[in-house]
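There are structures below to look over.
Shared chain: chain A. Partners: chain B in the first complex, chain C in the second.
Now for the complex of A and B:
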């Protein structure tokens, strides 16, 4: 039941629908009545990506085809998925192996530079013993696009994996991350920001499976929806039998700025071991009227005050990004999306 | 330390499941299995009017088309619906007119369970002791309802469902199935087809029910299922507090209990519904036997400013599948859900609530405490949703799970769906084990390990116990301690 199977086989019934528990808020079968044709190869110029100034190495996929890039998985690497063909479908697979002890900053961008495409990206990331990965995912899709990004991450003992998703949504969009956490002093940080307007939809789904003792997971997702947008957060932390001393925290906090917008959340904890400390928090609400009133009293127009407050709200997630350059780009992206001066 | 002492004494004094006895009484059964004829048989047995039979048959036909749900985190072998009795009743010539005509064996059962059925006994008790009216349901039929006269004096109707269908058809027809429609879900649909009895309550406008109402469910017959249906209607400005208790004998076979409870609240009405569920949980060592408790409970807050409060203590059943819900339709209506779910041995519980905010300024509060021990699994599953019209909706949810032992599991699966910009939802959940430090502290001060666990668990569930009516709270506290007996070490 995946988009990639449907794209491969042309079988629409392989698309996940509302009847699939894990896709209840991200219905693809109801939306996608006809599969668009496969995107053609692109032979022209490729515009520069958002992380061009930071990365020394670039791996680029255009219309689902790999264009350039070395097999390097250390240092600062840009990974770009560019859609340049209108109303076409594209699928890409990519695997990264980070060797023990190496450090990788993966600056991933999904650049929708055409209208109404259907895109599927599957990533496999293996992080070796004691290695460290920070993955920043900037997703800027077209308003009519459908995009599913699925990453399967395998961690070795002592590995560190940190991830921050920044997305403005699409017609239907799902960023799914599945992490196999061995415990064994491996650490995971899984963050996300979604800022949605119009009729955009964004689904952030995460599954972290703790298989061994002494694992840490910290998750924080914040979002804002306006107009008729819909934000979805599904977080699942599984602590397998024997995975004692697991410390897992999950937080999802969201703002609804319109009466026609929607947020659906399902923060799950599935615990099969007893010596654990697991918690999740979920809050959904509007901006604080008193804070807006305070700002207006001091001469700040209402729209600006709302933008300021929203920037501050999601700022907590942006600040957790460790790579300085990426953090600055993320902060600028948030400010631009919310129309707030930086 | 009085509470500790009491808990310790009860743990020492009682067997693991004290209600596991069976009673041999002459009983009538419908033939085994389920078919349209059985539905007709039950309806005929109860002397029901044609409209009721039609209603049942429609439900039965719909049930045949439905599939048994599998989404709950519980595992059990497929139920053979043809291998059970759908109607079992103590044989009597006519329905007993008064308590004197009830089979003394049955009265002895209730005496053994500590349920007061004789009004004079209740009245003769300690002065000022709380009085409550009881509807006693034995297998498929209601054997007696107490204090009916006194309640009728203030206009409260409290009787068995069969009696209500005969005596108050207009109320039953108006409200039955209006909160939980026949085809709502697989088990509710089955219940609609074969329900045999249950309680019916109507509180007229402006009346505050003068005493606690209660139902006591007892499964006695072998290989039988219990399908009761409860309907409570609180008219404008009415109030009632309703208690529900249940027990069953210890048997190696699983027995099905699929009940439906419907609450209707009009303007300014309030219902407080408390349950202490102590069905036989199955053998703690092998997991054999026990009740499958698949229950649909829902309150419809139709009126403005109406208020409903569900409190449940779930200690029994091999499998629990139960989500007491509130449909908050009226403006300013509010719903509360307080729950303690204790699982031990091989028990599995998938329980929680639904708070559906449809009206403006509706409020809801959920406090769920789950305790798992032994090889058991406990899942909190809940839905909080706000419709675009539910401006100013407010929800607070707190779910805490406590794990005792290496082989148990605790899950939290909340669903939150917010569809307007003027509502606030807060949800927090934690999962931890009993703190070693706290256990050590208690043991240092001379408490045994078992006493220390009981004390800490009582502290953990205190928020919910406080919501129970007095007599129930004491009972529930003991139950929680007994259910966890032998879980540490």
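Now for the complex of A and C:
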């Protein structure tokens, strides 16, 4: 039951629907009555991506087709998925193998530069022993787009994997990350920020499976929904039998700024091992009226005060990005989305 | 300067202020004392424009500007500053960012140019040094983890940076020990000037030993029931509020 199967076969019944427990807040079957035609090849100019100034190597997919890029998986690499065809569908697969001991900063962007497309991206990332990956995913979709990004990440012992999703949503959007965690001193940081307005929807789903002893996972997702937007967070951490001494923490905290906005959150810890340290926290609330009044009393107009407090709220996630240039771009993106002066 | 005439206000259906009339000319410090529940905090909130209060009658103006017609941030830009009884903690917003945002918003509202970052930092360093505030503290989240005294000192720092025309100090002495009270009072006294008015709201006479008022008013059951010189505060300290509560009721 995946979008990628439906796009491959043309079979609408392959689309995930609200009957699938893992998709009940991100129904594609009820939304997509007709599959749009495949996007044509693009032979014109490709505008520069959001990380152009940081990356030494660029791998680019346009309309689902790979345009350029080396097979390098070390250093600072930009990975771009660009949609340039209106009301068309596109599907892309990409695999990355990070060799033992290597360091990769993967600056991934999903750039919706057309209206109403349907996009499916599947990634396979293998991180070798002692290797380190920081993946930043900036998702800027069209308001009418459907986009599903699924990554399967395999970690070797001693590997480090850190991820931060930054998204402003789409008509329907799902960013799913599945991590096979071997324990064995491998470390995972799995973060996200969603800032949604209008009728936008964003689903961040993560599954981390700890298979061996001594693994660490730290998760922090923060979001804001306004207007009639809908944010979905599904975080599952599985601690398999024998994965003792696992240390896993999951936090999801969201702000609802309108009566018609919605947050659906499902944190799940499935623990089948002994002597583990696992915790999760999930909060949903509004901005503090007292803090807004305090800021206004000092001269800050209401909209600016709200933006400032929201920037501060999600800032905790942005601060966890290790790559300095990517962190600055993330901070600027948040400020721009919220209309706040930096 | 500040002129309040026959001000009535209520919270939901409950009348709290029942005809407050008060004039504070520029250069003067007036104290408002009164028992709990007299409407002291309500008065400061109504003047500064906090939500949840409905003015049903009367007026309040600052230098002839109708305060009640303005948004809270517009009142601030006109020069009104309310020092909170319990200043808020704002995680993730460094004090310097907060104050620069406020200062520039006020300047924009007044049609002035924004202050450039170097000039702002220079000013902040001077003012922080004068108040013995560690400059590094200003880079951390506003008031986060601060003691009561540190928060009040940060309020004084904000006042000195924003340079308001009129100050309302709402129970500034609450939660302060004597040492903190002295430091905060010195900061307030340094801001006294012939162009600036102040309204000091307090339950206890103690604060007025440090911030000497020109006039003292007693607020009871939503009205000013007595006015006098500083000696009135000492008399209240000795006799309590009982006789005013019965007069007002």
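The rule is short, and it goes like this: the second predicted complex is superposed on the first by the 342 of 342 C-alpha atoms of A that agree within 3 Å, B and C clash if a C-alpha of one lies under 4 Å from a C-alpha of the other, contacts with A are read in each partner's own complex, and residues count from 1 in each chain.
Methods note: contacts are C-beta pairs under 8 Å (C-beta built on N, C-alpha and C of every residue); 3 or more make two chains touch, one makes a residue touch a chain.
Keep in mind it's a predicted model, so treat the numbers as computed, not measured.
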Simultaneous placement of chain C and chain B on chain A, clash or fit: fit
Chain B versus chain C as contact partner of A:175, first or second or both or neither: neither
Partner chain in contact with A:297 - chain B first, chain C second, else both or neither: second
Superposed model, angle subtended at chain A by chain C and chain B (C-alpha, nearest 10 degrees): 80
Touched partner set for A:92, first chain B, second chain C, both or neither: neither
Chain A: partner with more touched residues, chain B or chain C: B
Touched partner set for A:166, first chain B, second chain C, both or neither: neither
First (chain B), second (chain C), both or neither touched by A:312: second
Touching partner for A:208 - first (chain B), second (chain C), both, neither: neither
Superposed arrangement (fit on chain A Cα atoms) - minimum chain B/chain C Cα distance in Å: 16
Set of chain A residues, in rising order, touched by both chain B and chain C: none
Residue ranges of chain A touching chain B (in the complex, touch as defined): 21, 241-242, 254, 256-286
Residue ranges of chain B touching chain A (in the complex, touch as defined): 71, 388, 391, 401, 403-433
Chain C residues within the chain A interface of the complex: 48-51, 71-73, 75-77, 81-82, 84, 87-88, 90-93, 98-99, 101-103, 105-106, 109, 141, 158, 162
Touch list for chain A against partner chain C, complex: 288-291, 293-302, 304-305, 308-309, 311-313, 315-316, 341
